[in-house]
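After the structure tokens below, expect a handful of questions from me.
Naming follows writing order (A, B and C), and every chain is counted from residue 1.
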């Protein structure tokens, strides 16, 4: 009873605070100065058509590096908590094999999903998308594989190798930007090319390829670890 | 006007799904309802002119998060045949 | 440019819904006993906060911040919404997934040790 009253009181107080925030809110009608600078000089300086990508990868690139690090720490934590300790063996459940319809559909759909994921992160600087979205689509493809055939095991060597190489490659590209161009994760050490082409915007596609592969393999490893 | 109507329907959908997610007793239904709230939120992000966020929320929020919840619910089912481990 | 009633109400609608979903998630976190239902409440709070941030970045009548055939380069400053909240929310969604996965793996370990998922039975830290 006391607990319920406390919860209700907390929610009412928070609701009152939120109400004060909503009532006086006037939506702005022009961009604030930082966004104006990013939108006005992003395409000229960096050669990217997708301004959100330009913000994520170059203007705020260090935050993205921190985010990749946080994702790595959480994946390592999941792997640590759910490891198989000595003396425990894997649970042997009697699983029904999946039907032939599901198996055939997976064989047809899985390459298409992988191609879609790779397309999304390769074209991250031109169309909506990018590394995180492409990586999530790749992990969804792996999730489909795990759901359809519960006895599949991913090849751990390839997954670990891809993940480590992508993470390391991302930092190497950042350091190359420091050595050859303006600063860490500057993308101008490669030629900026013509605006709107696939091979333009300097090192931005390369950075996004590394991020996409890293996020995709990491989420697949987390999914497989949580399955059993 | 039409856009505002669609957005109102979607926001009501998000709030109803969220209420279902915290109110249902069956944990599997609650997890699926939370995934539904994420899906409606992805459509709202499209209306708000943020396509990158919409793609990310649809793939991660209503795909991977729901599946992770269902996997962990499966691993923590109390079936009657298994003895609880020693304290 | 004056704000018509229609221009102002879409962000305010999504802002209000975001705050309500945050409150619902907090209520779920505080009043449930099953650990996995508490984590579902946390995930709902995350979704609500992301809706808030994207709603703040919306400007009336403008389109997505991508320069292509619809938005040309010279006049882009008057035609696009704010790109910074989108970038922030992208990062936040992925980190939310990582944190949720970590919390669920802790829940699985607690179940293996205690035999049940209720937080009333986790008594190691009680005096």
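One rule holds in what follows: a residue touches a chain if its C-beta (ideal position, glycine included) is under 8 Å from a C-beta of that chain, and two chains touch if they have at least 3 such contacts.
Keep in mind it's a predicted model, so treat the numbers as computed, not measured.
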By C-beta contact count, A-C versus A-B, the higher one is A-C
By CA centroid distance, what chain is farthest from chain C? A
Between chain B and chain C, the Cα-mean centres are separated in Å by 12
What's the distance between the Cα centroids of chain A and chain B, rounded to whole Å? 19
Hey, how far is the Cα centre of chain A from the one of chain C, in Å? 16
Multi-chain contacts only, two chains or more: what residues does chain C have there? 11, 16, 27, 31, 58, 64, 66, 86, 90, 93-94, 97, 101, 104-105, 108
Specify, in ascending order, the residues of chain B that touch 2 or more different other chains. 51-52, 56, 60, 64, 68, 72, 75
Can you list the residues of chain A that touch 2 or more other chains? 50, 52, 128, 130, 132, 136, 219, 222, 226
Of all residues in chain B, those that touch chain C in their complex: 1, 3-4, 7-8, 11, 14-15, 18-19, 21-22, 27, 30-31, 34, 37-38, 41, 44-45, 47-53, 56-57, 60-61, 64-65, 68-69, 72-73, 75-76, 78, 84-85, 87
Would you mind writing out the residues of chain A in touch with chain B in their complex? 50, 52-53, 120, 128-130, 132-133, 136-137, 139-140, 143, 147, 219, 222-223, 226-228
Contacts from chain B onto chain A in the complex sit at residues 51-52, 55-56, 59-60, 63-64, 67-68, 71-72, 75
Complex contacts: residues of chain C adjacent to chain A: 1, 3, 7-8, 11-12, 15-16, 19, 22-23, 26-27, 30-31, 58-60, 64-68, 73, 76-77, 80, 82-84, 86-87, 90-91, 93-95, 97-99, 101-102, 104-106, 108-109
Contacting residues of chain C [partner chain B, same complex]: 6, 9-11, 13-14, 16-17, 20-21, 24-25, 27-28, 31-32, 34, 36-37, 39-41, 43-44, 47-48, 50-51, 54-55, 57-58, 62-64, 66, 81, 85-86, 89-90, 93-94, 97, 100-101, 104-105, 107-108, 111-117
